[in-house]
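Look at the two complexes coming up: subunit A is in both, with subunit B in one and subunit C in the other.
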Partner chain A sequence: MALQSLDITRRSGTTTPSPAQRKTMEVAKLIDVSKCIGCKACQAACMEWNDTRDKIGTNHGVLDNPMDLTENSWTVMRYSEVETSRGLEWLIRKDGCMHCAKPGCLKACPAPGAIVQYSNGIVDFQEENCIGCGYCITGCPFNIPRLSKKDSKVYKCTLCSDRVAVGLEPACAKTCPTGAIVFGTKEDMMHHAQGRVADLKSRGFTSAGIYDPKGVDGTHVFYVLQHADTPGIYSGLPKAPSISGMVSIWKGVFKPVASFALALGAFGAFFHYVIKGPNEVSKENEKEFEDEK
Partner chain B sequence: MKNDPKKLLRYTPSERANHWLTAITFILLALTGLPLFHPFFYPLTLLFGGGIWTRIIHPFFGILMVISFGIMSFHFRQLNTMTPADWQWMRHLRELANGDERNMPESGKFNGGQKLLFRLLVLFMALLLLSGIVIWRAYFSFLFPVWVVRLSAVVHAAAATVIIGLIMFHIYMAIWMRESMDAMLYGRVRRAWAKQHHSAWFRQVISGGK
Partner chain C sequence: MTNHWVDIKNADVIIVMGGNAAEAHPCGFKWVTEAKAHNSATFIVIDPRFTRSAAVADLYCPLRTGTDIAFLGGVINYLLAHNKIQLEYVKAYTNASFIVKDGYKFDSGLFSGYDDAKRSYDKSTWAYELGPDGYAKVDETMQHPRCVLQLLKKHYSRYTPEAVSNICGTPKDIFLKVCGHIATTSAPNRTLTFMYALGWTQHTVGSQMIRTAAMVQLLLGNVGMAGGGVNALRGHSNIQGLTDLGLLSNLLPGYMSLPSETETDYKKYIAARAFKPLRPGQMSFWQNYEKFHVSLMKSWFGDAATKENNWCFDWLPKLDKVYDVLQAFELMHQGKLNGYFCQGFNPLASIPNKAKLIDGLSKLKYLVIIDPLATETSCFWEDHGEYNNVDPSKIQTEVFRLPSTCFAEENGSLTNSGRWMQWHYQGAPPPGDAKPDAQIMAGIFLKLRDLYRKEGGAFPDPILNITWGYRIPHAPSPEELAMEYNGKALADLADPTDKPKIIKKKGQQLDTFLQLRDDGSTSCGCWIFAGAWTEKGNMMARRDNSDPSGLGITLKWAFTWPANRHILYNRASCDPSGKPWDPNRKVIYWDGSKWTGADVPDFKPDIAPGNQMGPFIMQPEGVGRLFALDKMAEGPFPEHYEPFETPIDTNPLHPAVINNPAARVFKDDRGDFGTSKDFPYAATSYRVAEHFHFWTKHTRISSILQPQQFVEIGEELAKEKGIKAGDMVKVWSKRGFIKAVAVVTKRFKPLQVNGKTVHHVGIPIHWGFKGIAKNGYLANTLTPFVGDANTQTPEFKSFLVNIEKA
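So, the complex of A and B:
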C-alpha cells in the first residue's frame, strides 16, 4: 500500500519523475543462511501479518511446504541436502522477493504505478493498478511474482512495506527465533553481514560470503551464505542474476526507437503527399474513357 | 455512380468484407497493443474500458484477425507470387514515388509492391501469432520456459512495430494513389484507372478473362 507516497524512486509505466522530494534511508533484510534452522516461523508470520492463507497441499516427502511460492505464500523455505567439502550439509534458504535495486519486474510492467520502488529500496506491487498481464514474471530474474487465478493480480513479498513505513521491522524478521533474519539500514546490515562472514571463515567455511548480486545493483534482501562461490547449491539461487538482455531491449531502447520510427513514417507519408502530390489517372487515359465520368 | 457496370469489378463483396474485417481487427489490435508496449500510449486503454479489459481483449482480437487474414491470404495466395517482372517493377519505385509512371513495367492485378507487402504481412502475422501465444499469460505462458517468454516478448514487439509500419504504408498508398480505395470500398474501378495502374490486368478483364 502506498503509505510512502512521497518517497518513490521508480514507478512502472511512467516516463516522468515520480514524487521523490524526500530521501529515506535504504533498508535491507539480511538472511543469514548459516543461522537458519528451517522452523518456518517466518512463513507463518508472513501469512499471519499479511492475512493470506494458502490452501492445504499434499505431502511430497520433503520438508518444503508449500513446494513453491504462490500468490498466498510470499516466502517459502527451500531445503536442500548437499555434499560439500565439509560432508553432507543441510542448506535451508528462505526464498522470496529480493527487492532488487534495479528491478526487472518494474522495468517490464506496462501499467502506470502498478509497481513502485520506494526510496528506502522496497519494491512494492500496487495491486489496484495491476492489469494482470504477467510481464513482471517475464522480467524478474529470480522467478518471484505469482499471478492469482482468483483475481488475475500478481502478488509477492512487500518487505512488509506497511510495517516499515511506521517504523516496524518485517513480520518474518520479527518472528525469527535464531536471528537468522535481521532488518535495518542496508549499511548496518552490510556491516553485520561482514561480521558474520568473518565468523564463518574463522570456523572453516573458507568460501563464506555475502550474496548481494551486482547484476541488479544489489538487493534489499540479501544473504550470508556458507558457500558464496556456489549459490546454485542453495536450491538454484542464480549465480549472476541480472535483468535479461531480452527484457532490456524490449522495455528499454526499443520502446522509444520504435515509437519514433512509426511517427517518422507517418510524417514522411504526409510530407510526401504535400510535396509530390497524389497519383492521379493521366490525361491520356482520361480522354480514352471519357464516357465514364 | 459507384456501381456503374462499365466499371471493372476488382474485389467481390466477400473479398471486401474479408479485407475490412481484417482491417478493423488490425486497428483494434494496434490500439490495444501499443499501450502494453509504451506508457506514452497507455491512455488508449480508456477506449477499451481500462488497462485490464485492454489486456483481456487484445489476444482475442488477435485470434479474430489471424482467422480473417488467414482466409484472405489463402484466397489471394496465387495472385501474390513474385515474378521477374515484379522485381523489375520494384526497381522503378523511386520514379513512382516521384510521380513519374511512364517507365513502370506493366503489372497484373497486383503490382510487385503489393505482392511484396502481402508476403511480408504473412511473415510478420505468423511471428505475431506464435510469439503472441507464448506471452498470453492467462492460458499459455506457464507452458514455456522463461527465456522463451522473454524472446517472444521482444519478437512480438518488433514484429508489431514492423507490421504497423507496413500497414501505415499500405493505408498511405491507398490514399496517395487516387481512386484505389474505391476498389476496396465499392468493388469497382474505372477503366482509366485500371489501364493506368494495372494494365496487364486491365487487358485481361476487357478480353473477358478474370
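So, the complex of A and C:
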C-alpha cells in the first residue's frame, strides 16, 4: 500500500492518470565510493529498519556477504581489488536500487499499480499488487529486483520511502559512519557531489566523476566514483545503462499492436459466443465419463 | 588519547599505524573523513595489510608485522638528519637538552645494566646527571655528547632508510614518501596525529612502539596541539574506564599503584610516588599523590582509615609480582591457582595458546563466570569435536554461570578513548534472572562478610570494614557509585589560602581533585574522576554540544577527565611566551593575567609565561621525555627487537639479541615457540568490521554479514600453495591448528626482508564454538604465550604459522 498515495506520478500497468495535485521535492541518495570503508553498517541498518533477515550463509573466499542481493538483502557491498596507475585500490560499492528517473522495472511491469514512482523520484514496489511475473527483472538495467520463492513477489530497496515520507533520511544514510552515504534533494546532492569530485581531482584522481546515467534520465541513487571513466571496475557497474530493448519493444512499439491483438482476441471470442453459443457437453461424452468412473 | 576523537578533524596529516580505525572504530573514523573534507588532510595507512582504512587513504605503506619501531626509528633518523624538527619546542618542552648519567650505554642490542639470568635491567644508569642542587643538569646548546639529543641522534643513526627497508620490507621510496609527509608537520602551524590500537599494544615491544610515536610527535612539536598527539583507540566501549579505575592487578584507581612486597613502610611507599621536581620551578603534580591515596582509602574504609593506622596501608596487598592474565593462567597451569572469577571476560577466546588455557581451567576447583552470554570459557569443559576437543569426564572443575546485564540494560557511565565520561540510560530491562554486575558482586560480598562475621577468618579486617552505605545494600546503584568515585567532603573544608572561608561543607560533593586533602577530610574513589558528579549534579549527563572555538572542544558535553580537559599538555600548544604556535589552533593562551581559552588549561592558571614551569606538569622535570629514564623495562630508547617468533630468525641490527631481552617467558612456554623452518609465514590476528570480539557471533545480523571463519592470504602465497579463494585451509603453529575458508587477496603482498621473501597470513579472531554464526576454531589456539615486557599484553600480532589446503 503506497504511503504517499497523493504523490504518485507513475503506476505500472495503468492508463488512468496519476494524482497531480501536489509535487514533492525531488530527492536523491549520494553514495561516495571514495569515502566508503565497506563496514556494512548500511546492510545492517537496512535489515533492521525493514525487518528483513537473510539466512546465515557461508564464506565464499571473499569479504562480500551475503554474496548477492536477495529478497531479504536489499543492499550489499561489493568489493573489488583493482590495480590502477595509482597502485592497488580497493573499490567498495554499495549496490542496490538506483531509483531511475525513467524506471525500466515500472515500464516492464504488467500488474496494475505493482510498481509506482513518487513525485520525489522514489521507485517503490507495491508487493500486494505484484503478480510475480518477473518482468521487472528483465526491465531493470542494474539487475536489482529479486523474486522471492516463498511468496512469488519481487523485492528491492524502497529508498526507505516510509522514512522519507515523514521527513527522515533512509536508514543506510542515517547509519553510514563516514558520510559516504548522504541524502537530500537531488540538487543539493549534486552540488555536494561536485565538491567531492573536485577534492578527488586535487588528490590526483584525474578521472573522478559523478555516475548519474543519462540512459535512464539520471537516477535518484547516484555515485561519486574515483574513476568515472571506467564504471565497470566497480564490480560491473554498467557504463551506459538503458532499459532493455525487449522491454522497449514490448512496452513501446509492440504495446499498441499487442493491445490491438488482445482486443481482437476478445472481440473474436465475444462474436464466437454470440454466433456459436456456449460450449456444451454432449450426451456421448457424459456417458463416457460416467463409464470411466 | 592525549587528544580526543573530534580533534582528529584538526589534523593536517593523519597516520593510522598499529590499528585499523575504519575497520575497528568506524564511527570514530568519521573524524578522519572530516579532516580530509574540511582540512585537506593527508591520510596515510601503515600496515602489513591493505586494510579497510587503506581503502580510503591517500597513501598506503606496507611493513612487516612487528617492525614498527624500526620504521619509526627510521622516521626519527630522517627528521634529525634533515633538520625537520620543531627546534624551539624540542629545546623548551622536551628533555633533549638534559645530560644523561655517565655509564649509560647501548651496545649490540643491550643497554647498560643487563642481567641475563634475571632477564631484566639494573636501570641505575638510565638517569639524568644531577647537580649538587639535586636538579638534573642540562646543556642549553644541546651539544654535550651525553645530552639526550646527541644520544638520540647516535641511537637512531643506525635506522637508515636502507636498514628500515631491510627490516620492515617497506620499499625505500614509499618509506621516504611517508617521512616527507611527516616532516611537513614540524612547521608550527601543521600537525600530525597518530591513531593506534591493538596493532601496537599486542607485541612484546608494544609499549615501546607507542613511545617511538610519542618521540616523533615531541620532535615535531605536535604534543599538546589541536590535531596532534598520540591517540590510543580503545576497543571495548569502556576499556578506558577499566584502566582509569585501576582494574589491572598492580594498579589502584586513577593510575596509582599497589605497593610491592618490599614496600611495607607507608611513608616510603608515598615518597617513591610523590616525585620531587627534577628541575627548578616545576609543578611535578604527582607530589599530590598522598592526597589522592588517602582520599581513596577514606572512600574504601571510611572511619576505619585513620592517620594512626596509616590510612589502612597494611590492608593493601603487597605484590611479589604482577598478576596479569598470563601469570594467572601460568599459575593455573602449575596448579597453584585453583579458583577463578571471570567477569565480563572470555579468556579461553581472548588469551593466547588455547591448549594451555584448557589445561589450566581443567585444574581449577571452581570457575565463576559473570557474563551476559554463554561464553566459550564457561563451556570450556564441553566436547565440541575439533573446535574444542576435550573429554568432559576428565574435568572436575565446578563452573558457576551468573548471568549479568549488558551495557544497554543498565544506567551508567562509559569512558571513551578521548576520556569523555558519558552517562547512558537503560534501554531495555535485562532478560530472565540477569542482574547488573554491581548487584552480583554485592551479593557475593554481603554473603562473604556474613561468613566472616559469624565464623571469623585469617584476615577479616578489610572485608568487615569496607564502607557499604548504599541505599539498598545488595544493589548499589550506578548513581551512588558515580557519586562515590567523584568524592565528597568528610568535614567542612577551609580554603587553604583564605582560612576561615569554607569551600565545601561536610557531606558535599567535590568539584575537582584540587580539593582533595591528605588529612582524612575528603574521600574520593578515583581522583581523576573528581568533577564528574558535583553538587550541581551528574556532569556526565550534560548534552550541550556547543563548540565556541570550532576546534571540537565541547566543554559542556558530558565530563572529560581530568578536570574536563580535552587536550592534554595543552600548555605546549603555546610557545614559551604564551602565544599559540598556530593562531588557527588557539586551544589556550595567556591573557596577561591568567591562562584561558577554548580548553581547560593543563597548567597552573596563574603561572605567567617566562616562568620556569614546563608544560608536562605530571613529570618532575616538566618536559616531555625523549629519553624515558627508568620507566620502561627494556630501555630508555625504543630499540627494534623481533617478535618472539620471527620469520627471519635473526635481528639484522644485532644478531646476538634477537627479541626483547626483558620480556618475561615462562619455562614451559620456551619450547612452544616455533621457528621459520617449520612455520615459515608471518601471522597476525585482527578484527573485522562486521563483528565485535567474540560477542556478535551470538547476534543474527552480524552473523549474516560475516558468517564463517576465514583467513586472508596473498595471491602469491596462494599460488605457491595451490590454494584457491573459498578453499578450506588448515593453519597451524607450534601450539595448535585451526581450519578456515581462504580469502585470497591482492591486499597482502609478499615483502622482501633481509634477503628473504616474507608472506603474511591474516587471521580474524571472531569465531568460536558458541553462538549462531557458523561454528569455528578459537584463533588464539595459534598465538604464543608471551607478552609486552611492561604491560604483559600478549603478542597476538606477530607469530609464525604454516598453511596448507585442508
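Some points to look at:
Going forward, the second predicted complex is superposed on the first by the 258 of 293 C-alpha atoms of A that agree within 3 Å, B and C clash if a C-alpha of one lies under 4 Å from a C-alpha of the other, contacts with A are read in each partner's own complex, and residues count from 1 in each chain.
The definition used in the following text is that a contact is a pair of C-beta atoms (placed from the backbone, for glycine too) under 8 Å apart; a residue touches a chain by one contact, two chains touch by 3 or more.
Computed from a prediction, not measured in an experiment: that's the story for all the values here.
By the touch criterion stated above, A:G57 is placed in contact with subunit C alone, subunit B being left untouched. Of the two partner chains placed around the shared chain by superposition, subunit B is the only one that A:T15 touches, whereas subunit C remains out of contact. Looking at the shared chain after the overlay, A:F260 reaches neither subunit B nor subunit C.
Residue contacts after overlaying the shared chain place A:F271 against neither subunit B nor subunit C. When both complexes are overlaid on chain A, the residue A:C133 reaches subunit B alone and has no touch with subunit C. In the superposed pair of complexes, A:V247 makes contact with subunit B only, with no contact to subunit C.
After overlaying the two complexes on the shared chain, residue contacts for A:S152 are found with subunit B alone; subunit C is out of touch.
No residue of subunit A lies in contact with both subunit B in one complex and subunit C in the other. Residue ranges of subunit A in contact with subunit C, taken from their complex: 34-41, 43-44, 47-48, 53-63, 65-66, 81, 83, 87-92, 177-180, 199, 202-203. By the touch criterion given at the top, residues 13-15, 108, 110-112, 129, 131-135, 137-138, 143, 147, 152, 244, 246-247, 249-250, 254-256, 258-259, 261-262, 265-266, 269, 272-273, 276-282, 285-286, 288-289, 291-292 of subunit A touch subunit B in their complex.
The part of subunit B that touches subunit A in the complex is made up of residues 4, 6-7, 35-42, 50-52, 54-56, 96-99, 101, 135, 137-138, 141, 146-147, 149-151, 153-154, 157-158, 161, 164-165, 168-169, 172, 175-179, 190-193, 195-196. Touching subunit A in their complex are the following residues of subunit C: 22-23, 26-27, 29-30, 32-33, 36-37, 40, 50, 52-56, 58, 60, 688-690, 700-710, 724-727, 741-747, 749, 772-774.
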